[in-house]
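So, here's a batch of structures to check.
Two complexes are shown next, each including chain A; its partner changes from chain B in the first to chain C in the second.
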Partner chain A sequence: MLKNIRIITALLAFVIVFTDMPVIPGGYSLSESISEAQDPPRRRRGRRRQAPPPAPEPEPEKKEIVAADSEDEYLVIRGATLHTVTGGTHRNGTLICKNGKIYQIVAGPVDGPEGAEVVDATGHHVYPGLVAFRSSGLVGSGEAEKSQDPFDLDTTMGLAAGITATWNGSRVTKLVHGSLEDLTIRPKSFSSINYSYRNPRGRSELRRAMDRVQEHLRALERHAEEKKKDPEAKAPDDKWIKGIYATVRSLLTGQSQALVRSRSMAEIREYSALARKYGFEIVFELAEEGWIDPGVLSRAGASAVISPRARVNANEDLNRESGSSIENAKLLHDAGVPLVIIPQNTGIALWGLAGRDLSHLPLEAAFAVRGGLPEQVAIEAITIEPARLLGVADRVGSLEVGKDADFIITDGDLLSYMTLVRWAFVNGKIQYDKEEEGILDHIRPDGDLDAPPPDDHWPRRLGDPLKG
Partner chain B sequence: MRIIKWTWILALLAGVSTDLLAGDRVTVIRAGSVITGTGETISPGEVVIEDGKITLIGNQLEIPDNAKIIEARNQTLMAGLVLSRTSQGLVGGRVSGVGCDQTVLNRWVDGEMDWESFLEAGFVAAAFVPAGTGFHGQAVIVHTAPEAENRILKESVYLPLTVTGSTSLYRTVSQAFDGARKEIEKVKKAREEWDKKQEEAKKAAEEAKKKEAEKGDKDKAAAEKGDKSKKDEGPKEFKAPPMNPALVPLVDILEEKSSAMPLVISISSPGSMLHVDAAMSSVKELEDRDPASIFVLPGARNGAFHEVVDELIERKATVMIPPGMSVLPDTYYRYHVPAALSRGGCSVISLPRADSASGMRELPGYLAEQVRYGMSEKDAIASLTSAPAEFLGLGDQMGTIEEGKAAHLILLNGSLLDPGVKVMKTMISGEVVWDREDR
Partner chain C sequence: MRISANQWIFSLAFLFLVCLSADATAETLAFKVGKVVTFDTEERVINNATVIVENGKITAVGKSKEIMIPPGAKVFEHKNLWLVPGFVECHNHTGGGSPDLHDYVYLTNPGLRTLESIVPDNPEMIRARAGGVTTVLTIPGSGNNMSGFGTIMKTSEGTVAESVIKAPGSLKIAQAGNPERYFYGVGRSFMNFNTRQTLRKARDYHLARTEWEEGRLEVEPAFNLNWEEFRPLFRRETVASVHTQIYQVLMTTVKMVAGEFNIRTVLDHSTFDAWKVAPLVNADESIYTINGPRQLHYDRTQRRLMGNAARWWQGGVRKLGINTDSPVVPQEELAYQASMACYYGWKPYEALKGITKIPAEALMMDHRLGSITVGLDADFCLWTGDPIDPRSSCEMTVIDGEVTYEASEKRVF
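This part shows the complex of A and B:
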């Protein structure tokens, strides 16, 4: 006993001397930092906590490019600033695509292979195509190859907003105009659970299901052990696993994540506690009050899909913080919660939502920057993070060699309110050209503030009806 | 008493005169101008009709004294209009799914059909299809005369495929062609079985012969008996098992028979065109076929049909389309799809904007609008006469005013494309079946 006390004192002395921890008994910051130290989030991306490393000024390097095979289709984007999102930024870089995939990213001007299609994007910026976590009307439902209207104006509007991929509720799908090929990237579904405190019966049922399935999974493990000794051991019965049990099993085995829409911190606490207890992955949509205690989400390993411009009024009846905050994104990010940003309205509306829909996805992210979120993180929250959450980060979401050639070329910084998409490429093909499409071609043509709209502004281009 | 006598004489006279006319069966129409539809306009012009057929077209022709003469010097004569798709006045429910055998023949009550409205609008023939979606039947072409003896001109003209949603399209196409494939296999199997049986029977007969030869006369009688019983077993010729009639036209398409009906595909959005291609290419037998090229497009509805105009032109498609302005989505801009298609070289067939009497009446007015926006006058008139007639396989009978063709004609109080133009007389096989003066 005495020995124990001695060891503990020695340890305490060591901690006080060698760490800079402020020791204020009962102090707020101490208890929080200790609780965090004791209970680190299971999934945390340390990299995200630091500011992105400054892009190394690259040495212009010359790479030998093998002469193009006649069958290969090359696309070269020259002169633009390449924002790879996951691999730094290259001023005056060159992006070379081959057969719809990114083939080379060169941090300097190089000549492309012979016969390549060359886009001179001097003064422009290249970003990976934006990924809208949710959408309605931009692509067909279900299997888009069989349901999409390939000439839907909403698809073009989505591309004009820089979106090249989105989740339609069951599949991650690309935005392609006038074609029905290569639309679906991958199926994706989340599990929905109801653990609201307004539904006590549902809560107890869910907990019971969790317990039962957990017991079943343990039985399976035991069975696997038994089988090593006795090959004829009987497997535990799993015929009862239907409905809610099947949902719970896919959650507990990590096959799917729970997608929960909850606004209030109280609900987020409940769900987070459940996720921690049973060890499943959880994604919060809305989460307007997440800023109040972001550590809760962080410790549960949760991701958040938020709309920084969403407003929830504070509840004056409560003796604690409530309501939305402009700092929501920043505080969640500071706690290590992976962030995805989408606007409140996930369609495209042309009747005056004041930009709070998918036609202004970058502005939604820019609003989070206004609240303190680093710009790089805001860009990640509309590119690589939704791609990760949707399980397609190996195909889209950043400019990396081998990924799909889905990218946008903008006439300015992505998060600036002045910036418009000049070209959008999907699978290495132009899907949107601001000058051709004519939805926005009369707004600052060539970046010029005072230029008049072009003569052949669409739909005048379709011809003078009287001249024929 | 005297009055009665006079009436007798009058009656006799009248009888004699009709007999005389009937005997000659020559009718001459003297029109202000004759639009032949072959690029010629004769004004003034005359058309001579014998036995319900056009025998002579010209100017200041010598006319037999006893010919019946229709004086229409202030009117225009042209070929009767042909309606290439309608479901007006049909009774019974809509067809959905795969029902290629459905026709309109059991869907109308002839006496209650409003033939007058067809004739008033100048239509002398119409292709009727049952209303519905999917493969909803086959088209039948009929005369529109109120009391026609041979109303049906042609059966099994085309197969309409009406696309409502892309999901149901894929379902319907796979259901239809999978079904047709099964029918083909069923027949094939039956034939194989029959062949097998035949061969077995042959072998048995040969063996019996051998035995006969070996055993000699002793068992001859028995062998003969056996032969007889075998002969009675199977039919002499192969009889195919009956196919599902709803699928027979599709079987013809899969087997590429010359009698296979063309598919006429109605789409309500431009994207459906690509979906139709995708759905058809999923049928492996149709892989090497040309993409579908006969479409029915909606006329006045919103829809970005300008997106597929180039594609339709490239396919040299036949397009049935109501003349009307398409509004570009979310704009007030109009794009004149029929005019653009016609200028690009597609065969354009005009349909009424609404499948009703008023729709048919208003059709020439809307067509004139397309002429204003770039469709040539010739193409516009052809889109209601020769183009549908040729598409429906009646090009040798109607559609233009030519010697030898049937005298299905209309007289108008002006050119078809003049504002406010009206049909004055409609003739089918040289008989005036509708006359505005009678009304």
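This part shows the complex of A and C:
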């Protein structure tokens, strides 16, 4: 008899820990209610992602614009190829911004309103400003309005790399040069949970907390029903919801997502099973082994923040696949996992080793293309997808009417290794101008491959003593 | 006569082996591709081209319609791929796998050889060939002023004897910016004294042995393992890979190693603001500048980012290549180092040459490596496009006429 109980308990434990079966009834309904409560709405979980439908070409005739004597500030970008990311690409399109917001996207050449600032970007490309999911040093910490150095070199370098927004760990913040206004878009925090198999005690504590909070949430639902009949009904006690319980409650009610740094497929499986069982949203960072079984992430509705070029050696002692793969991004995408791309070094590195930091965010995405990811998806993974994950897709991440006028104008295809940012605009204002800023102005000015070297030696901040 | 079962087995096995070896040596391969970037003497770039390989060597290159494919040849038809010479790495530390990087016994260890620590086909080399790298010069680290002799090896499968193509391949000298850490008190003046002293001893040994060999000395100078490998160096049959950076240090390298000791010199690293002394480097035609792993230099006084390779090029240096210093930058990312050089102002064709033909010349191996020329080793890769573009991938690697990597089997990079 005792033996049977043991076996049953072991089986049950196995089912809870190693499979995604909804052992506790109601697990799924909770997860569905969370997914409905998501903002902004996301595609259905586990579905293979469809390419965005081709956007209807906007009417080429211009709208009537009244601007003459109002105080509205208009900005018009003409002659460039507009890559809206979410709504197709327009050659020789026109982008019209008003008071720091995108006002009109026109497929053809049109005249802007009178008095508008006009940038002739013929031969250039316009992309939404890139969103760096994570960064260090590009913007101030916490509330950037209070901590940012407005003339920080890393901010300028971030803008030179095309990045106009990033998450500093607590807030999604814009990169702005020389000003402390309108930096913070929105606070954003993820919940961190530890469900590592290296920490068995923490695991059981977390599961217990999940169970207890889940029971509490059901009690709340029951209470809501009871209240209809009996207005005096006593609400369940929630004074105990502190610490880990508070974290778990914000997860189970869909107020936050879990952000987990997981390298191995074994860990990803464990966390995914937990997320499916209790119905919370999970985001995997690193996820180098995700390619081995991407369906696990997709079934858990997980997103992945990856560095396609990350390099993890296979463990030869294992009798199964392990280690990283250049095809990670492609395979995750094929399984329908929303992808965000970020380099392994999330700062700006000026000490010499080039191409491994946020200065080259688009090239990290280019390595995903090498592994088979479509270029459009690679661009989404550094623009709209991080914006969605950070909850700011209504403001940034694509060129759409009504969104913030945060965009970059490049001298070529974003994913090409010789493309430089010519201008970066944030809130409709120029924040970086390659020719003016001077850090990279000597490199291919006007696309000239044989440009002469820059003047040498004299510190520019002291002026040129020869000129007096 | 009755033949026993054993005899049958032996003779069958023998026949099988004969077939195998005949197959391996007599195999003829034909590659019909969309484009060949040759880097040959005429610098041809041929569209719709065919390359014929026999016995591990390139035997014909040209337009597909002009090249006759020998009967019985195995034909690889990839009309949408580029065929590019295998990359040559001038500064690698992973030919023995990662762990056996460097021996820190004394501040100068001139007699050591990386040949003793080579592990062909190690995981780093497998990745390297997936990144299009077919030859590496594995040298000891830069923690000492002189850390021994490097080995030029293919990244192919096989034994040490099969992989190694030249040993000693170069002498490693480190002039500044690392050996200081060896022990308290090691500064630039002592390091220069130390290097000069060591090179003088080696040269004296070489001259004495030469005199004895030519019959001008009666007593044989004692054989010395410390100095023996230096002899091809002083005969200019091999080169010195000098870890040198910052323009003052680079000046010492050019004056001392290349000038005073008349050694064929490869300026490895040549980073920070070293490009300021481009005129000095140009004055000696035998000097090669192989820039890396740092591809950029932030000039604080000017508040400008300089691309090191671009600045060398603008200074008129044409014997200019790129390295990874693997594992500092992973070996398979040699082409990405070239991408970075281009991002910061260099030119793609020159950068591609800077990881193929130029390093082959720098290592005095251009008679075997670095271009698609008749008679050279059949070391090349098939790419989906411009190899410097990170979006392009290496689909197939051929080393010595053998397909050693195929992305269609398992994509490694």
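One rule holds for everything that comes next: the second predicted complex is superposed on the first by the 386 of 468 C-alpha atoms of A that agree within 3 Å, B and C clash if a C-alpha of one lies under 4 Å from a C-alpha of the other, contacts with A are read in each partner's own complex, and residues count from 1 in each chain.
Note that a residue touches a chain if its C-beta (ideal position, glycine included) is under 8 Å from a C-beta of that chain, and two chains touch if they have at least 3 such contacts.
Predicted, not measured: the structure shown is a model, and the values here were computed from it.
**Q** If you tally the residues of chain A touched by each partner, is the higher count for chain B or for chain C?
**A** Of chain B and chain C, more residues of chain A lie in contact with C.
**Q** Using the touch definition from the top, say if A:Asp149 reaches chain B (first), chain C (second), both or neither.
**A** In the superposition, A:Asp149 touches chain B alone.
**Q** Should A:Ile326 be classified as contacting the first partner (chain B), the second (chain C), both, or neither?
**A** Only chain C; A:Ile326 stays clear of chain B.
**Q** Figure out whether A:Arg311 sits in contact with chain B (first) or chain C (second), or with both, or with neither.
**A** After superposing on A, A:Arg311 lies in contact with chain C but is clear of chain B.
**Q** Using the touch definition from the top, say if A:Gly412 reaches chain B (first), chain C (second), both or neither.
**A** Neither chain B nor chain C is touched by A:Gly412.
**Q** Name the contact category of A:Gly371: first (chain B only), second (chain C only), both, or neither.
**A** A:Gly371 contacts chain C only, not chain B.
**Q** Intersection of chain A residues contacting chain B with those contacting chain C?
**A** Comparing the two interfaces on chain A, one with chain B and one with chain C, the shared residues are 350, 459.
**Q** Going by the contact rule at the top, pick out the chain A residues touching chain C in the complex.
**A** The touching residues are 309, 311, 313, 325-327, 350-355, 360, 363, 366-367, 369-371, 375, 415-418, 420, 438-440, 442-444, 449, 451-454, 456-461.
**Q** Within the complex, which stretch of chain B touches chain A?
**A** Touch list, chain B to chain A: 165-167, 170, 269-271, 274-275, 278, 304, 306-308, 328-331, 333-336, 339, 343, 372-374.
**Q** Spell out the residues on chain C that touch chain A in their complex, using ranges where they run on.
**A** Counting only chain C, the residues touching chain A are 123, 127, 271-272, 276, 293-298, 301-305, 307, 310-311, 314-315, 328-330, 333, 336-337, 339-340, 342-345, 347-348, 388-393, 411-413.
**Q** Show which residues of chain A lie in contact with chain B when the two form their complex.
**A** Interface residues on chain A, with respect to chain B: 140, 142, 145-153, 178-180, 350, 459, 462, 465-468.
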